[in-house]
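Two complexes are shown next, each including subunit A; its partner changes from subunit B in the first to subunit C in the second.
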Partner chain A sequence: MTNYILKRLGQGLLTVFLTVSTVFILIRMAPGDPAVSYAGPLATTEQLDAVREQFGLNKPVLEQYWIFLQQLFTGNLGQSYSFQAPAMVVVAERMPYTLTLATAAILLTAVVAIPLGVWMSRRPDTGREFGVNVLTIAGQSMPDFWTGIMLLTGFAVLIPIFPASGFATWGGLVLPTITIAILQIALISRMVRREMTANFAAPYLTVARSRGVRNSMLTWRYAMGNSAIPVFTALGTRFAAMLNGVVVVEVVFAWPGVGSLIVRALETRDYPLIQATVLLTALLAVGVQLLIDLAYPLLDPRVRLGKAATA
Partner chain B sequence: MTAQPASQPAFKEQPLLEVRDFQVELITEAGIVRAVDSVSFSIHRGETVTIIGESGSGKSTTAMGVLRLLPEDLAVLSGTVLIDGVDITADPKAINKVRGKTLALIPQDPMTALSPVHSIGSQLFEAIRISGAASAKDKGALQARAVRLLEQVHIPTPEKQLKKYPHQLSGGMLQRVLIAIALASEPQLLVADEPTSALDVTVQGGILDLLLELQEQRGIGILMITHDLGVARLISDRIHVMKDGAFVESGEVQQIVDHPATEYTRKLLAAVPVLGPWDETPPGSRPTQAASAGSSQALTQTGATHE
Partner chain C sequence: MSLDTATPAGPGSPAGQPARQPSPSAVTKADIAKAGATRRRNAAKWKLIVGTICTLLVMIPIILAQELPLPDANFQDLSARRLPPLTDGHLFGTDQLGRDLLSRVLHGGQVSLTIGVLAVLVSGAIGIILGAAAGYFGGWVDTVVSRVLEAQMSLPLLMMLLLVVALFGPSIPVITFVIAIAQWPEVARLTRSMVLVEREKPYVSAARILGLHRVQILIQHIIPNVIKQATLVVLLLLAQAVLLESALSFLGAGPQRPFATWGRIISDGQDYITTSWWMVTLPGLVIVLMVVGVNLLGDGLRDRPRRKKKGA
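Let's look at the complex of A and B:
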């Protein structure tokens, strides 16, 4: 088990390293000049050169990469150009906001999507199930910027019950959370229904029914117990993806998380800030993925005992 | 051809299972299919009645219909099925009175018949709780009863097996566990749907012996579904031969085996491989001969004319 964890940790770190290296190269290949963004459009050539010198952008790319690697191992990715503060600190300050939003969204998704999917699987081919089915397809099809703007218009402007932007009060969490969750609920509930339907048709369920196991037990203990593994994996993977910043939703609601931060960093070509954001979010995503893999044995005895038998 | 032969034993008591004019219509994409067409039979205490037939003859559908385990929205049942006097066709809820009590199922494939994420013990405990033999709170009583049930089906070191998960046991062991789970409720009637067809030949005999032993001890009635005449012969009192949803022949085992009345039964009998001495032409030599003839057509022709 320790070997397994070490191996997975190694793979994770390699993934993070490759990701940040790729981003390092890509942002330098992309059009745009940090010096121009920093010094402004009216800056003279001398001023621009001075800025490039200050940020070390006049050095050859390979040398810049070598410096970046050294920074990577010390954990200090340099000063953010636009914030004039250590880039890692700037990102770390934004992280709790994204974490809060992602956690709220995934909890709402789980709480709504699992019962909804179970309900759909229990009442196939009824009028109401058809209605919910159509709604989930609609939920999947609506782009999040549109959902976000509709919710803003509806519940912050026309009926002002929630704040339109920022995270000053807990009320500010409501609309962005719902915006993210609508798509996730649509996807996860359909997955739950598919898994449950497959498990309802499984022989062990018929056999359990034959020995008088009640319907509620068949649903939750048997069908859900066996559907839990893929559903849990999907929820975990989606949560990990949200940590990379729910970019569009954060921008729509002016949410002070890493998603809106990376948009600003990209706009200003703030290389250290982009690299720090990618490094931290990649680390978090890989960490969450590792936790999901480690939680597998808790849900599936076949994984748990398979490992014990071969170790 | 009717299912009320004169040879039916003159039992005074009420049969455990009485099936009259039972029909199952399945709603399929191709239309309504009458999978079971007016079958009638009965099983008394201590009796084994076998329905034998080829794949698709409707034998398993009959068993699943009697247990009301067919999907309610896709299968229409009609006729009368009385299980220990309870009519389960008239009222769909009535089946709950007998499930996990008088009635138990031994499934076809033991490898898929238990939930893979729950331990043997938890599934056995659940059956014991449903039977009312021990309450959920009384862990000691549950454990003791579970161990006793596993001992009755001759599972070695029962305490250890309770902690295991289905994938850790062999097919034969799992079938014994399933029989133990079925026995938890002290059932009167067992429906065994091809209980040995998914098992190794070496294990099949052990499971059939166990069923016979339990029947002898407890006087359980058994409805056996099989396509294997060897199994039917070993275990049955009466046989119903099923084809295209209807019984084509019914009677005592010996009578059917010795004097099959229909061509279909004769073919079923002929399908059983007969062990002969090695110097006689073994069945395997046929394709070899055909291959040496150098033509694949010869092979199919030989096969066809062999009947």
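Let's look at the complex of A and C:
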């Protein structure tokens, strides 16, 4: 068990390391000079040189990478160019907002999608199920920025129930959460339906039914019990992905999270800020992934961590 | 991938083959029409029909955009700003610079669709080749491909895409490449799992005994057996590619020339949403119609009962 956790932690850290290294290389490969965007288009050559000197951009790339690695292990990725503050601090301040939004969205998704998927799987190929099925297809076909603007216009401008942007009151959480959840509900409920249908067709369920087990038991205890792991994995993976910033939705609703921060960091070519965002979000995502794996034995007693089954 | 055979048919009514000649079976035509398998087939048929209609409804005007009697997509007429739909021959109205919205949507759609189709072709090719190689050869090839797949799944996807586009410029090749890179894992994983099944089948051993080279077996015998299902996934990826491209261009990382694409048109109209609803609503509806169509088509093709080969 401990070995397993250590092994997974090692793999996770390696992934994070590769991610930030990839970003480092990509940034250096790209055309464009951060000194120009920092000092402005009218800066003289001397000024540009001074900026490069200040941020260590005039050193050889390998030396820059070495410095970057040292920074990585001390947890200090340098000053953000545009915020004039330690980049890690800037990102860390935004993180709670993204976490709140992601948590709210995944909770809403789970609460709606699981019962919806079960409902669909219990009456496959009926007219009503077909209707809901088509609705879920529509749900996964709507671009989230468009849904967001539509909800914003409908419920913040025309009928002003909720605030239009930011996170001043809890009401501000409602519209972004719904926007994210529409897509996620469509995806997850279809998956629940698929898993449950497969389980309903399995021989063990026929045996249980012939022994007179009640229908609700069959659904929730038997079929759901065996669908729990894939569904839980899907929910967890989605949650981990959201921690990387729900970029589009955050931009639409001016949500002060990591997603809107990264867009700004990219526009201004704020290298330390980009690196810090990638590092923190990747760390969090890997951590969540590990927690999901650790939860498997709770959902399915047959799973023994570290044994061949989960390797 | 589940072949759900359990149907909610009543006890004692096997919902299977319709009886050809008069038989003592108690299964009537009405029973067959109500059976789960029949309803499933009908649902797939409707999805195919509606999906085709929706897709064509968007695709045909886009393809014919140059032929249609429309003003140029970039032609500005400041005296005709923000006209509502159906005025002065502007079916979708005009935007804040007096450009014809329908023309913008169609011409932008050409760019979006081109990117989508190219991206899907590239990601399909990469995915099928790498996935098949990983599944068939196993060993270190499989290890490398699977590791790369895993690593990419845990990367912050949209963030990386934005990063690459922001750094290398929003040109059509860059965006196409970026979307293709984002999408190949799905094809590769599916192809790999199917090839794993195929390679254990007797015909592969037979081919090997006949002295065929391993690469030849893979290309001539295994890939033709999995390509059909792999292309189905590719169709669903087209829907995703269109959505991804529109998200990128909404965030300002989309192509600007020759025409602004759908996401950009919507973000342009965002500031005028309270006074000119059509500038956001209509382009969005076009995207939804198109993507719903492609998704329905993919779903319907997947659920369609497999026809037996003629003469088999």
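Quick note on the criterion: the second predicted complex is superposed on the first by the 304 of 311 C-alpha atoms of A that agree within 3 Å, B and C clash if a C-alpha of one lies under 4 Å from a C-alpha of the other, contacts with A are read in each partner's own complex, and residues count from 1 in each chain.
Just so it is clear, contacts are C-beta pairs under 8 Å (C-beta built on N, C-alpha and C of every residue); 3 or more make two chains touch, one makes a residue touch a chain.
Bear in mind the structure is a predicted one, so any value in this text is a computation, not a measurement.
Comparing subunit C and subunit B on the residues of subunit A they touch gives the larger count to C. Judged by the touch definition given at the top, the superposed model places A:Thr197 against subunit C, while subunit B stays out of reach. By the touch criterion stated above, A:Gly212 is placed in contact with subunit B alone, subunit C being left untouched. In the superposed model, A:Asn226 lies in contact with subunit B only, and not with subunit C.
Of the two partner chains placed by the overlay, only subunit B lies in contact with A:Pro301; subunit C stays clear of it. Of the two partner chains placed around the shared chain by superposition, neither subunit B nor subunit C is touched by A:Gly10.
Overlap of the subunit B and subunit C contact sets on subunit A: residues 125, 206. Residues 2-6, 8, 36, 39-40, 43, 46-47, 151, 154-160, 162-164, 166-169, 239, 243, 246-247, 250-252, 263, 266-267, 270, 273-274, 277, 280-281, 284, 287-288, 291-292, 295-296, 299 of subunit C are the ones that touch subunit A when the two sit in their complex.
The touching residues of subunit A, counted against subunit B in their complex, run 125, 202-213, 217, 221-222, 225-226, 228-229, 299-302, 305. Listed in rising order, the residues of subunit A touching subunit C in the complex are 15, 18-19, 23, 26-27, 29-32, 123-126, 130, 133-134, 137-138, 140-146, 149-150, 152-153, 157-158, 194, 197-198, 200-201, 206, 240-241, 244-245, 247-248, 251, 262-263, 266-267, 269, 274, 277-278, 281-282, 285-286, 289. For subunit B in complex with subunit A, the residues that touch the partner chain are 67, 69, 73, 96, 99-101, 103-105, 107-109, 112-119, 123, 126-127, 130, 165, 167-168, 178, 181-182, 184-185.
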